[in-house]
Structures are given as C-alpha cells and as structure tokens.
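Working notes, beginning with the structure itself.
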Amino acid sequence: MSTAAAFRQKTITYGLIGFAAVMAIAFIAPSEGYYLNILMHAANYAIAVVGLVIVLGYCGQFALCQAAFLGIGAYCVGLGTGDYGIPFFVALFLGVVITGLVGIFLGLTTLNLNGHYLGMVTIAFQMIVTMVLTNWAGFTHGPDGITKIPRPAGFGGGSTYLGLCLVCLVAVLVFAYVLKASRLGRAMQAVRDNEIAASTCGVDVFFTKTVAFGICAALAGLGGGLFAGAFNYISPDQFSFGESVVLLTMALLGGVESAFGALIGTVLLVVLPEWLRFLRQIYLAVYGGAVIAIMIFMPRGVWGLVSKYLFKTAPIGSAPVKPLPLLSRSATVSDEIVLETIGLAKYFGGLKAVDGVDVKVRKGSVHALIGPNGSGKTTMLNLITGLYVATAGTVKLSGQDITALKPHDRTRLGMCRTFQNIRVFRGLTVLENVIIGAERRGNDVEGIDDVTERALAALDFVGLRDRAHLPVGDLPYGHQRYVEIARALAGSPEILLLDEPAAGLNSTEKTEMAELLQRLKGHGTTIFIIDHDMRLIEQVADHITVLNFGRRIADDDPRSVFTHPEVIAAYLGEPRNETA
Amino acid sequence: MRFSSRFVLALVSALGILAGFSTAASAQETIKVGLIVPMTGPIAEIGLLQTEGAKLGVEKINAAGGVLGKKLELVTEDDQATNPGMVLAFSKLINRGDLVAVVASLRSTQMNAISEDSKKAGLPVFFGGTDPTLTTTGNPWFFRARPSDAYSAKVIADYGVNVLKKKKWAIVHSTDAFGTNGSKALIAALKELGVEPVVVQSINNGQTDLTPVVLAVRQSGADIISSYVAYETDVGLLARQFKQFGVTAPWVGSPSVSTTTARNLAGPALYDTYSVADFAAEANPEAKSFSEEFNKKLGRLADYTSGWPYDSVMLLAAAIKAANSTAPDKIRAALLALKDFRGTEGVYNYDKNGEGLRGYNIVQNKEGKIVFNRTITFDK
Amino acid sequence: MSMLPQLLFTGICIGSIYALVSLGFVLLIRAANIVNFAQGQFSMLGAYFMVILFASLGLNYGLSLFLAVVLMAVFGVLFACVSYWPLRDRNPIAVIISTIGAGILLDNTVLAAYGPSPQVLRGLFEGEGFLVGPIYMDSQYLSIIVVTAVLVSLQYLVFEKTTIGKKIQATSQDREMAAILGIPTALIVMGIFAYSAALGGLAGILIAPILYVSVGISALIGVKAFAANIIGGFGSIPGAIFGGLIIGIVETLGAAYISVPYRDAFAFIILIIVLLVRPQGLFGERISEKA
Amino acid sequence: MKLLEIKGLTARYNAGEVLKGLDLCVEEGEIVALLGSNGAGKSTTLRAISGLMANVSGEIVFNGAPILGLKTAAIARLEIAYVPEGRRLFPGLSVRDNILLGSSNRRGAPATQLKKEVDAMFDFFPDLKALEHAYAWTLSGGQMQMVAVARGLMAKPKLLLLDEPSLGLGPKIVQQVFKIIAEIRQRGTTVLLVEQNASVALAVADRAYVLDAGVLLVSGTPNELWGNKQVRAAYLGGLAASA
C-alpha cells in the first residue's frame, strides 16, 4: 500500500473517530448553562486557534489579530441575521468569505514585511477593528453589542447547536491535518523552515504566505460566526487585543505544530482560568506566569511534549521504486548552451562582488566555477537562481531570458540548486523534504503517489532510502547534503546547481560525493558546480570557469585551467622570487 | 436531543466535582444570593464597594434573625469587568441551581449581555445599570435597583434649565452604552424644555488627554456642562483640564462625578460641581443610617456603588418575607406587590418591567464634601 | 484656530511620554534584540513604587523619586533574568510571548497586591501651571517636556561621549565581536535592562499625576510607545523620539479636528502607512547590505 | 618560549567535526601562518582559541596556563586579540571609536593614555587619519581591514590572531596589509595568521602549518613549504601539483 493511500485511510479513520466523539460529547453534554457555555466557547475558539496553527505553526508567520478576525466573523452573523435578515448559514458563509478576503488583503499588504513589523501591523489592524466595532455605532450597534442573535432552524437547542460547533471543529481539524500533508501544507512548512530554499524549490513564498493568512482568517471567521450563534450575544470587548493574545497563547500552549495542539491548548486555557478562579484576585497573575513558564519549559507546547513520547514515525516500506528517469537517459555533452550569463554583475554599494561575467554552460556537461574566497562564486549562483537581483547583465536558460524572473519561476523552468550552508527544511522528515523538490511545478510527475515514488527514487540514488522517515535534523551533516541533492534531483532538473557540495565533509564523505557526481554524469543532466576541493573538481568537471575579484580570469578545460599562471597566482599568490 | 434532567444533573455534578466545585452538603441551611462583581480588571475598585454594600445588607438581615428562619448567604463571582466574563459568571451561578436571586452589575452593557440568559434562568436579577432600554425589553426577571437614566437626564435637564436657568448646554459623554444612551436621553429631555445643546463631545474610556474635548467645549461658549462619563479617571482628567483651561460654567453630571473615587482623584477640580445622585447620604433616613454603618465598618464614605446592592438585598429579603417562600415566581410577585419600599436610593414601587425608582437627587460637591441639594421625582 | 498652539503643546507633552517609554524599548531591541511587550508595565510599576514610597510611606518627594527609579532598575534585572535570559538563544517570538506573559503577570500582581483603586500622585511641582500667550502650560506637562529633553540629551552624551556608552553601542551592534574585545556583554545587557526599566518607570511617575495611577496605564502607554518605535524606525534612537512626538501630536490634532473617539486609530493609521511606504521607518538606519 | 600550545584540539559544529586532533605551537615573537583551503579548519582554530566554540576538547595553553573553557571576554583580558574574518567592525560607530574599543580588555587603563594610543594608531595607519570620524560602514574593504587590525593592536596583545586579512582585498592593498603585519612583529607582537593566500602569508611568516579537512597536513618554514606538492595539491588539486 502506498504511503498516500495509508494516509488517506488514517485520515478517514481519525475523522470517523472524531465524529463519533463529537456525537458522544453532544449527547452527554448538558443542554443549558455553564458547562454548555464552556464547551461551546472552547469549540469555537479552537476553530480559530487552528487558524493560528496554520499561519504560525505551519507557515511561521506571527499574527496578533486573530480576535479581530473572530470578531468580523461574529459580526457578519450577528448583523447579517439581525439587521439584514440573511439566513444563519448564509451569514456564516459570508463571514468566512469576508474574513478570508480581509486576511488575504492584510497578507498582501503586509507580508513582505516580517517578524516584528508584521506583528505590529497585525496589532494595529486589531486595534482599528476594535475601534470600528465600538465607535461605528450606526452599523455595529456600538459598545452595547448585538443581542438576540438567532441560531439556525433545527439547531436551537443547546446540545444540537453544540453538535454543530463540534462537527465544524472536527471538520476543521481534519482539514488542518490533511492540509499539513498536502502540497500547499508542505509549501507552508518549507516557507517556515527556510524561505530561500523554499523559493528555489519552486514554492511561491509570497503566494503561500498570503494563502496561509487567508485560511487563518477564514477559520477565525468560522469560529466567530458560530460563537455569535452560541452565545446569542456579541460585543466589541469580546474581540479585543487581549483576546488575540489569549488565542495566541492557546496555540502556543497546545503546540503550534499540530491542529491537535490547538485543540488541547484551547481546552486548557478555556477551562484553566475557570478552575483557577478559586485563586480570586491573583488568578490572572498566575495565568501570566504560566505563559512565561510554557515558553521556557515547553517550547513545543503540550502536544509537542506528548507526541515526542507517543509517536515514532514508522520506517517507509522498502518496496522497489522506479529509478530516477534522468538516470535512464544517456547523452553526451552537446554543443547546445543550456545556461548563459552575459555581462552579469552585482554591486553591493561600492563593492563589485560580480563584475561583468560571461559563462556558457553546455547541455549535459559538468561545469565548475572556482575561485578564491570572496571571488564572487556564491553571488554568481545567487544571481543565476534569482535570489539576488542583478545590477547588470543577462541570464538565459535554454535561450530564454530569465533575468527578471523570481526564483520559483526559474525553478519551474528546470533550475534546481543546493546550498553551501545547508538549507534543508528542519521541521520536516527526509522524505517530505525531497517530496517538496519532486512536486515543483514543471516537473514531469503529478499526484502524491507518483511524487512520493519519485522522491523515494531520489533518496535511493543518494543512499538515504532507509532514513526517509526521520526528521531531517536528526541526520548527520554529510547526509543532510545528500538530502539537499536528492531534493534537487527529484525535481528532474534541466540544470542542477551545486554550491560547495563537499564543504564540511571529511575525506571519506568527499570521495563518496565524487562518486555520486560521477554516477550523475552522462545522463544529459547539466551540472553547474562550485567547490573549493580541487580534487573533487578535477574528477568531475568537463569545463572550469575561474573567478577572482568578481571577474572571470580563466575559462577552459581543467588541465589548462589548473596550469594557468593567473589561476595559480590567484590561489597561491605570485610565485616567490626564488633568488630572494 | 433532550435528556432526562436527572442524567444532566448527574453529569453536571460529575463535571462539577472534576472541576473542584463540589456542591457543599450544607446547601439547605442558608438562602443563597448570587453576587456578580468585577474582582479583576479596570473597575475592580467598584466591585469591592459593591460587595461591601451587599455584605452590609446581608449582615443586617442575618443579625435580625434572617428570613423565614434562615440566614442569607452571598455567593460571589468575578465578571472581570467584561461582557464575556459576565456571561460566564452568570451561567456559572445559575448552574449551581441553589440560588434564589442574583445581584448583578451596574454596567448596562453587561446586563444586555445576560438579558437572554436571565430569561431562561428564571430568577429575579437585581441590577444597577441605568440604561433606560434595559426595562423595555420585556424581561420579567430584571429588577432595577437604581433609577434609570431616563430620569437622571430629566432631572439634569430640569435642574439646569429651571433652577440654574442655563440655556447653552455642552454635553460630554463616553462612547459606551451608558454614555451614549445617557446623552441621547439628555438631548431628548432638553428638547422637551425647548433647549438644543451647543456642543456634544464623545470620548472613549481611558484617555491620556482630553485637551481637544475641553477646548471644543470652551469654544462653544456653553454656560452649562453636563456629562455622562463612565470612568472616574476620565472624570478626574476632564475636571482638571476644565479648570486649567478656565472653563468655569456650572457642571451637572451623571453620578460618576460625585463618587468617592472621583472626588479623591480630582480633588479641588471638582469643587462646586453638581451631579445627579441616586444615592445621597442626606436624602433620606435609610441612606443616612446606611452611610453611618458603612463608614464605621470601612472608614470611607458610602456612595451609590454600595447603596444599590444593599437595597437589592433588603428588597429581596422583604419580598421573601412577604411571599413566605423562596420560589422565584413568588418572589417576583411579592416584589411587584411591594408598595413604597423605602431604600437608600429612594422609594421603590416596581412596575411589571422592573422599574422601581422614578427620581434623582441633586447633590453638590462643596470642598470635597457631598452636600444634598434636593430630590426631584416624577410620576410615571 | 486659536486652539492650535495649545493642541501642539499638549501633543508634544503626550508625545514626550511615548518617546521616553519608546527609548527604553529601543535600547532593549538594540542591545538584546528583544521586543519587550511589557514596557508599558514598567511605567505602571514605576508609578506604583512612587505611590508606595511617597504617598504611603510618606518619604520626601525627591528621595521617593530616587528610590523608585533605583527599584525599577533592580526590577529590570529581575525581569531580564526571568523572561529573557532563559530564552535568549531561542526564536525571538518566544521572548515576545514571554514578555506578554510577564505583562499580564505584572498587571494582575499589582492589582491583587496594591488594590484596585486608582491612586493620586502629585507632580514634580506643586503649582498648577500658568498661561503663556494663548497656551496654558500645565506644570506637570512642562516638567514632562523638560525631563524628557534632559534625559534624551543626557543619554546622547553618555552614548556618544563616554567609553561605556560606546561599549553599549558596540554590544548592541555586534555582541560576539564586543565579547572578543573583552567587553563584558552579559553585564552590559543586564545594565540596559535596568536602565530601560528605570526609564519606563520614570515615564510612569511623570504621567501619573495626569492619568492617575492605575493598572490601566500599562496598556495606554505600552502600545503607543511600540508604535512610535516602528514609525521612527525599528531600533533607532532618534526615531523613537520623533516617532513618539509624531504620534502625540497627530493623535491630539486628529482628536480635535477629526474625531475624538477614533483618536487611537490615528497612530495606527500612520503606522500602517509608514510601514507600507517606508518599512524601515522614518529614521531607519541603513547599514550596507554586505560589509 | 612557547606562547601558545595546542594539543589534540577537536572541535565540532552541530553539523560535524571540523578539527580532528590538531597540534600546533607558537613561539613568542613569531609569525605563524595557518594555511589550507576553505573548510580546512583554520578559522575554527582561531575561534576555539578565543573561546567562541561551544564543542571543543583537547588542550589550549597560553603563557603556561590552560585557557580552554574560559569565557571570550576573559580570554581577551589575557591579552589575546582576535581580528576575525570579515573585519566585524561596529558599523554604527566611528573609526576612532572602533579603534578605541579595542582597548576594552585593558581594564583600568587611563582614558588620556588610551587617547594617546589611538592617536598613535593614526600615525601608524596614516590613511585612516582622514576617516577618523566616519562611520565604519562607509569604509572600503581595505580601510576596514586597517581599522580592524588597529583595533586588535589597541588590546596591547601578546598574541594577535588574524583571520583572512587579505579576504576581498585587491593585490596592492594585500601587500600593504602584509607590510603592516611584518611591522607589527617588529614591535614585538606574536602573530598567528590564518590565510588562504599562501604566497603572501609565507612571505611574512616564520613558520607555517598547512591544514586539510581538520588535520595537519604538513608544517615547516616557508622555504620548506614553498613548492611543496602537498601544499599545492591542498589548494589546487592533483592536476596543478603534477604540472
């Protein structure tokens, strides 16, 4: 059975268990009063907190305005059903759509900011929403809030409405669970773990973040809409900045890596202050102290702590997979030019890191770029892959001018790379890392089963198949390099760019790396490699370009390059005056 | 999906025990009254005074042997000064199932929040929120223990126009339910007297500076100021800045202008201001004796924040005695039947909407001391 | 029209407070790379120390002021030890959240310990204020402007003219390199926490006679100071000062000429505009991409 | 007399071992060069000496006392100055302040004395005099390197650790920097120099060690090393060595 099928089966099982649990809870829950309120409160908040898990846990973006989204959703239902006579479910749907759109809009305007700035803009948004809800009394009913919000027909009773909330919650949990293992979910996690690597794996970082924000907001809208129906009453102070902090704390306490964490965190924080009420005046103080303690002692939240002991990922089946298609091709070096740079330059202020370099890479060749430290090699690679915007010059891939393209668009055209300072997605397993490479747009496989098979084939090729299920961070340094290479190879690249693949490897590992590169040769895949280890370069390179001070000083076959006096001078300095 | 109430009860008590609230076995020996006050949050100060007022009432009843041979007992919950906090606190109290009545909040917006729940709960709920609309929603269980702002506005307008003879009115109000509705009522009351305010300014609760508001009032040339400002810190700030910018027009404000806290904060800046006060120590003998006891016990002056919970407890005790029962519907009937009940806030005659008081006192701040000026009452 | 000078004066005063709190904020960002969401609570706590020392214990005003500031400095170190030090090597978001927790803890501890009543604290001078032309100068507003100006100049002198100031700057610019040169960086970071807390506390003491002393002032001041900082440029000292003044003036004028209830929105609208048009802030320092 | 002695030094980052049992020593008054290609472990050696590496084992003895495990600032106070790769100037401080802060390890040195010493630095690096009040980030690479060296010298170090002083500098500036390094030794300061550019390093060094993948490949005097095939191979591979 394929992993994907197993995942589907697992999802269906969990989903059914969830729905059964919901039925049970709704059946035994009291139909009125305090405990019902607590349960509904927890269920609706949990939906919003799952949204935070997606934006913060999956996608790594910090948002402090979840209560504002919750409020917008709640007011859509409150105002829609009351003032405009829209049926409940239509109003709820409208609420989800509107919050989703607001989330996307906020994302579009602010997501090219990051970290503290994004946090601040979301706070500002939160404050403005609160102010509008309070002060635009003609529309929002002002600080009094909206009373007598109806529940939909057939869901008027406490238990039935709780059942509805819980069904939505389970659906959202299943959605989040499926999302995490989907292409989009993996893209989000890739963005979280390493934006640069994500973009060179073909992930549109900006789009992914915006979608994550939209989903996050839409879920808060759903939770808010249900909340309005649950309590029949909403007012602006229920959706204040303080509540955003509470929602964030719920996500963090439970653990942001998983939707189940959201559920645990929400239940704990809804119930905990209620239990802590015996502390009277100081219970909120205890709550504040608890937040600090969680950050210090439980960085991955309750779920992180639990899942660490409960779950061990099972090894992936070892059934044979189709080898990488690129290996079955055979081709010699042709005269066709795959990659060409013309007068490529990059200046940082006054520093000319790359200064008008021409390179022509022939199809099927292994082309090396060497030069002393600081000669501009990595800058060159960043220009080719689009991580830097060129100051001048042109980059062409298979004759097409790609100078203006974003990194992920270049990847779509078949440009895959590795990094000198390894950039793997640390929160993901080895297999998931490679799958992200395999599912780049423009690759010749589609569908999770085929993509997984391709990823396993790539891992087979680099000899890490038996480690596929491990978190990538558990692998030794050398193996992480191979994961990066497998990730790039799984995308069946037109051209593979390797940035110092041998850096940090010991001599045995270096020999293995050389062998791996030898095995890749002669199948029509073009390789563009930077490295300092000349023994590696001279084993694999068909052609070498040498840079010094950002300029090309040699461009020839290996033997000629290594005996080129200017090259020797660049590395070893001018020959000593022997008579001295 | 309906379940037998026994099953629900079993589950509730199971959960209750889990949650650490085992309902004590001594439940039968006292008559329990719920009390919801802000114990945390920005107006926890008021919660403290409210609790003390209610406690004094309970102590007085119990000292006289209780009601129907049983002592009264208060069960207090924190509403955190927020609406959701109020909803939770109320449902938590109702869930106990052993209360005969609840003394709730003096914030109108919080009463709005629990209006629907209280209909379901079916217990008399005493409250101090003065938003006139609270007694027009047809909730049979709401009993207001203070006069509504419909009367405070009428009294302010009447006193300003007919006694002080002022025609150029400036109104400053908070943007919350209390302030907005109060100012609406005042504008309406002034209109009846043929006066249009020259300036109306609204402020959010908790401000850093009110210079723009004060300057706007000064520029309008108003010869009288009235205010519906909820927070005492805002009143204090407003008072000081009026004084600084030489705005000396007489000020007739809502009760927050004459509270102990406001007078402590603003000091001389509030001297000579008038305010409507549902509670004034000199207004009637009940208020006078309550003030003395309160002062003796706590060493500070009583005001409306403690007066109305005290009245609520006394009203409840009287109703239970009259009904000779603690059944909610009988208490309600007894409350409606009470005639000319003399409380610290005035003379209660409840109508079916739960409106009991129809007048206000005018008091003046004379060098920090509250001096009773007059009581103005209206017929229905 | 005659309102304008008065409004400007008020705006500058309110802005000075934001600037003062923001200044403490910036220092922590620069020296320890932490965004302290409990900065407003520093002000609240400072005011309460003052209430305890001056109003309750009846000490002389100057002595109380001195002791309150010293206590705040000590508190700053304590704060660092609890909510920053254990998390210093982790994701900055962890520290942000921990300071949010510390804020909740502080607000509610004060509420529980010192009671909920707002307290009255007298100003630096006992006089009320006086008229200068069309402007009424409240003595406390005036002292806020003066103290802020003096502190800002003093800080400038210390930072730019003394070796210790340069060591602080060095630590904030490159902590590892500062350690390589033998600068005791951990000590300096703790010192900055102490100074930042003292500064926040002083701001609280200055604003207390105007806003009264209550737990509510934390939120009132903290968020605005943060916004000031971003408008001025994250981590920029002149930015913090001008950002604070800009917010103070804009919100006062906005309240007077546009809408009083939306007063707090003006600061955030400017903030969003600045972030979208000039994300590094008005005074954001541009240090070249590659050294 | 041995000023610095390293025995069996092993160092690792999270990623893996970078140094595997390195032995070396520096005599007082010498210039010793550490050579090798990128990733050989040269800079790691200097970082380990300065107390900047978390996972190290082995022995580092300075002036007769073990220093492994001391905090970075404490090591600086033992009069070891480290001029790291990439210069690491404080970008928002002036050139003068950057240089002045080099003396941070000398606690108790009077301010007037330090001011005189900074002035003396400007005499030693006359090109910097005009830039005295410029922010460090506005400088060119060569100027930055001068400031970094001057800052290192302000520590009055017994041992100066220089990491890749030629990195990113043009040939003429490299010559200038190395002339200064030679002069520094004339003034009695011991220098341990990490350098990729073998020829310029060998031109000033008394002895050199060549590292390869974290182990010592060969060591000796410049004359012994120059033209050594192993050295050439370490830099340029077998093809170049056989040429």
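Labels A, B, C and D are assigned to the chains in the order they are written; within every chain, residues are numbered from 1.
Keep in mind that, in the parts below, contacts are C-beta pairs under 8 Å (C-beta built on N, C-alpha and C of every residue); 3 or more make two chains touch, one makes a residue touch a chain.
Please read all numbers here as calculations on a predicted model, not as lab measurements.
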item: Selected interface, A-C versus C-D, where C-beta contact pairs are more numerous; value: A-C
item: Chain centre separation (subunit B, subunit D; CA means) in Å; value: 77
item: Centre distance in Å when subunit C and subunit D are each reduced to the mean of their C-alpha atoms; value: 42
item: Gap in Å, rounded to a whole number, between the CA centres of subunit C and subunit A; value: 36
item: Intercentroid distance (Cα basis), subunit B paired with subunit A, Å; value: 54
item: Two or more partner chains touched - positions in subunit B; value: 40, 44, 175, 204
item: Touching two or more other chains - residue numbers and ranges from subunit C; value: 108, 111, 261, 264, 288
item: In subunit A, residues with contacts to at least two other chains; value: 134-135, 280-281, 283-284, 351
item: Touching pairs - complete list by chain label; value: A-B, A-C, A-D, B-C, C-D
item: In the complex, subunit A residues that touch subunit D; value: 350-351, 372-374, 422, 476-478, 480, 500, 502-504, 506-507, 510, 532-535, 537-538, 549, 558-559, 562-563, 567-569, 571-576
item: Footprint of subunit A on subunit D - complex, ascending; value: 13-18, 37-39, 140-141, 164, 167-168, 170, 196-203, 213-214, 226, 232-233, 235-240, 243
item: Sites on subunit C touched by subunit A in the complex; value: 35, 82-83, 86-87, 90, 92-98, 100-109, 111-112, 223, 226-227, 230, 234, 259, 261-262, 264-265, 268-269, 271-272, 275-276, 279, 288-290
item: Interface residues, subunit A side, partner subunit C - complex; value: 62, 109-110, 112-113, 115-117, 119-121, 123-125, 127-128, 131, 134-135, 241, 245, 248-249, 252, 280-285, 287-292, 294-296, 299, 348-349, 351, 353
item: Subunit B - residues contacting subunit A, complex; value: 1-3, 8, 11-12, 15, 19-20, 39-40, 44, 77-78, 82-84, 87-88, 91-92, 94-95, 108-109, 112-113, 115-116, 120, 175-177, 180, 204
